[in-house]
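Presented below are the structures under discussion, each in the form of structure tokens.
Note that subunit A is present in both complexes that follow, paired respectively with subunit B and with subunit C.
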Partner chain A sequence: MVETATQIPASIDASTPEKVGLLRVLGPAHVWALGVGIVLVGEYMGWNFAVGKGGAYAALIACWFAGVLYTCVAMIDSEVTSTVAAAGGQYTQAKHIVGPLMAFNVGLYLVFAYTMLEAANAITVGFLIDTVAVMTGHDGLDQRPFIILAIMFLAWLNYRGVLATLSFSLVITAIAFSAIIILFLATAPFMGDSPLRHAELMTDLPYGWLGVLASMHFGLWYYLGIEGTTQAAEEVRSPARALPFGTLAGIITLLIAATLTWYVCVGLMPWEYLGQAGVPLFDAARLSGSTFLMVLLGIGTLFATLASANGCICDASRAWFAMGRDHYLPSWFGAVHPTYRTPYRSIIFLVPIALIFALGAPLDQVITFSILSGLLEYTFMPLNVILFRRKWPLETIKRGYEHPFHPIPAIVLLCLCGVAFFAVFLGYGTQLVAMVSFYVIVSLWFHFWRYRFVSRAAQFSMPWPRPAGY
Partner chain B sequence: MDIWNFMEYAAWALSALFGLFIIIDWLRTDSTYSEEVLTSSREGELEALTEEHHI
Partner chain C sequence: MARYIPPVQSKVGQIVDVIVLLVLAVGALYIPLWMGLAGSSKVPVPVDNPTWESLGQNPAMVEKWNQLGYADAASAAEVISARFDYSFSLGSLVLMIVVIVGYYAIMLRFSEKEFRDVISEKFGER
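Let's look at the complex of A and B:
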């Protein structure tokens, strides 16, 4: 509609902006908080199902196997995104480096992975509050208002601005990470009388090497989502410096947190129990016999869950926004709030979707769809970086970070993705086939219908030289 | 009725409050600004102005 002077609110400057865009206000610490915040909940719960699949040592092998996979992801992502510094992260990378159809699929992987994870986190918030209610003697708590409140509060925070959103994430993520460190220090043998009993509790591989393979699926939980740092690319003050720094600091943090979590938990619980525990770190704190640790890890669990949901809203909305801005989806989604400078319509659109899954779908299915979408995204990354180096060699384009030993990380990542796909297929073959079928159908829709609305020249906006060989 | 029942009601009320804020602000924003302004964001504008990818 046409604006008039009387329609402009008093809070907005008299000179109505002609153009609005996202704000560059974030630093490396916010990037770290976004990446680690999404993931750290995987240390507090979920990873331990790897113990149930193959025993304690299988979970450790899965932890380091997935650690290598995600270190490759972080290095590759850091190089590409330090150059493609725009909202949408891997979607935007795919658009510039591979092509529109790949970009459309990657964009959907991102939105699905993060929205499903957000729903799973909201379900967990309801479960945690119910657990506290039961501990205080109240049975039959209605979890729904707490699930809805978690989503609505975080959506509101994201709507109001990215700086406050990720500053909030930074604080609660730092507390949740510190809680793991404190638990380790308080129970470690070098601190005196330790409750850890590794010598008694550790066993051989109960299901042999097949159990190790089966546990790989849940090994991803230790790190799933660290690649989300790239979604903040358009909102960091210095993308070439902050994105690689925040992402690589994030993966180092997670490698430490994952190993310490495994060490403490397997030293306190037999693998048969640990493999089925709902909140293993909280259980470990209870078994330590310290009320302080129990309260601290309880708070840590809640904060990790909220930080993850918060980061997921931030990332999913940026991916959806970027696709709308390029007309891969209706351009209505490409709007930016003139005051808060957030992709507000994308944030609003994804709220009911998250609520439907949080209130109507079982947790394990929601998580599985999130992991499958993530795995498809990781499979794209090695192909992406190989094409990137081939089309724009190091001497042709400036990078904020150059990952070492290329193409070894890409090849390793591709091989590890193959193993992870096989491991997922063993446990969730039907879901995997259903998900791939879904992406094939939407790809056909995009190719034969939607792409006609895309302005082909306008979508490639990076001031890059012509690719080698073109 | 114990404190947990009150907390359930409080959670419903706060959820509605956050939802209302978002919806009211969304409608107000959409009716105040033109669609051209709201969707004027373009990828890579800042980079195009400030960076040269040459070595």
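Let's look at the complex of A and C:
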């Protein structure tokens, strides 16, 4: 029983008896669920570390600037993805537009950004259950079994099939998003007696404007992962329509949710507490004085973390699978399950990696690892779209979507990435240098060793004309 | 351009490659943790005999701290007084910029070379 993947060039895979492809079963709502489902957890935990780095107002400014950054990401990504609709998303884009080494790096960005995010989600599940246990008088709960169970269950779900997985995400994401809206409506001043105390709790910028810059670091967490919509491109029925629609609708959803989350939380907690809280929206619900809201936001936190981890497993495994299929990694990973049509070996392989970090590293550092990989990926995107337009001008390839005002979004994105790098440097500089050093070393390893096992022309599978200038 | 035929990698070689990648990844992420170099530079500022007033907390804030389970100022002092140290040397900033720009420069240069080979083999020499 040998299984292989779609789009494997004949030269690579001549000996295999049967090609089994990924199923095209997803619509725009699933794309929205994949994007928002991964990211919505950012409103439930993690974003609030931006408050710790710069204060409440700094976190709001960071939220909006990060929103601009991700709008540029979505615009650029939608154009390229509507043309390069293949599993692996940005990895496949980089392979066709920039070159193999860039693609290898982008593939690793995706895998590590999503696997670290998955680990962060599992940590939050354990923390939430521990918090509830303490509130009900059960001190000293061991969080580890819940962390392991969450990752194993979601990996099993992903193993069994993408439609069931993303339908599950669609439902729990909708519930988690509704919980934020309900919390806002229940606590807003226009609804009557409001527990919000913005006037008394808001302070000046504790670190001045340098803190505003620094808070961009965790400001990315409001939206990190929305670009993951492209990972399921081979499983979407109409990628040229569904991917831009689902991605841009996702950004709008997240901008609304992020602003509402900030508004409610800073009106209920001192910034010093909020800046280090593990489950800020759940804490906000506790402080609202409503048992119903507390239960709802507890469920919302649980669902948001599960939806996010679910999407992360889906995306990371697609990126790993795509690299295996191209022999950038051992080709054993490029297999599709004969019955469930999922990249099952990649799904299983990434489980212990997620567990290593979920069980062994602190939450803020796991989040920083994820953010750094995401940031490196966002820095690649403007380079990618500029080269895409230069090598294949608009008249040479029909795009499903053409983003307006090129190259302004690319330039804005590049500038905001520079700001975000500086923000990470403020407070987490060692991790930044360590992580980039890792990518330098693996790049040299790939170029001088691994790339010899890769066919040259077979990597270029798009039906495009020869690029201009080559 | 002559078609490049990649060598077939043995199973042992494939396993070694995956192990190398994993060791590098886990090492890059965990070594700073083990060496105590990773993580935030946020440190609490010791406060002798803290009171809510000396910690700069108004009555509304005190009420919220109490609701959050901090019964007195001493229990909340560490959380309230902790601050990031954003001081940095010009040298460390320059190092960061060199590392990041150097990384992208290396990657774009090598990628360009590899990409030209791909295009030449795919579309033929001009």
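Here are some notes:
Operating definition for what follows: the second predicted complex is superposed on the first by the 452 of 470 C-alpha atoms of A that agree within 3 Å, B and C clash if a C-alpha of one lies under 4 Å from a C-alpha of the other, contacts with A are read in each partner's own complex, and residues count from 1 in each chain.
Definition applied: a residue touches a chain if its C-beta (ideal position, glycine included) is under 8 Å from a C-beta of that chain, and two chains touch if they have at least 3 such contacts.
Keep in mind the model is a prediction, meaning the values are calculated, not measured.
In the overlay built on the shared chain, the residue A:His30 is in contact with neither subunit B nor subunit C.
In the superposition on chain A, A:Ile148 makes contact with subunit B only, while subunit C stays out of contact range. Of the two partner chains placed by the overlay, only subunit C lies in contact with A:Gly429; subunit B stays clear of it.
Applying the stated contact rule after C-alpha superposition, one finds that A:Val440 touches subunit C and leaves subunit B untouched.
Contacts of A:Arg318 after superposition: neither subunit B nor subunit C is touched. Between subunit B and subunit C, the partner in contact with more residues of subunit A is C. By the touch criterion defined above, A:Phe369 lies against subunit C but remains apart from subunit B after alignment on the C-alpha atoms of chain A. In the superposition on chain A, A:His337 makes contact with subunit B only, while subunit C stays out of contact range.
In the superposition on chain A, contact is made by A:Ser455 with subunit C only, not with subunit B.
The contact surfaces that subunit B and subunit C form on subunit A in the two complexes overlap at residues 331-332, 459.
Note for the complex: subunit B touches subunit A at residues 2, 4, 8-9, 11-12, 14-15, 18-19, 21-23, 25-26, 28-29, 31-35, 37-48, 51-55. Subunit A makes touch with subunit B in their complex at residues 1-3, 7-9, 12, 16-22, 24, 83, 85-88, 92, 133, 136, 138, 141-142, 145-146, 148-149, 152-153, 155-156, 159, 234, 322, 325-326, 331-332, 334-339, 344-345, 348, 351, 395-398, 459, 461-465.
Listed in rising order, the residues of subunit C touching subunit A in the complex are 3-7, 9, 14-15, 17-18, 20-22, 24-33, 37-42, 57-61, 64-65, 67-68, 76, 79-80, 82-86, 88, 92-93, 95-96, 99-100, 102-104, 106-108, 110-123.
Those residues of subunit A that touch subunit C in the shared complex are 52-53, 98-103, 105, 108, 112, 197, 200-201, 206-207, 210-211, 214, 268-270, 272-273, 276, 283, 286-287, 327, 329-332, 353, 356-357, 360-362, 364-365, 369, 379, 383, 421, 425-445, 447, 450-457, 459-460, 466-467, 470.
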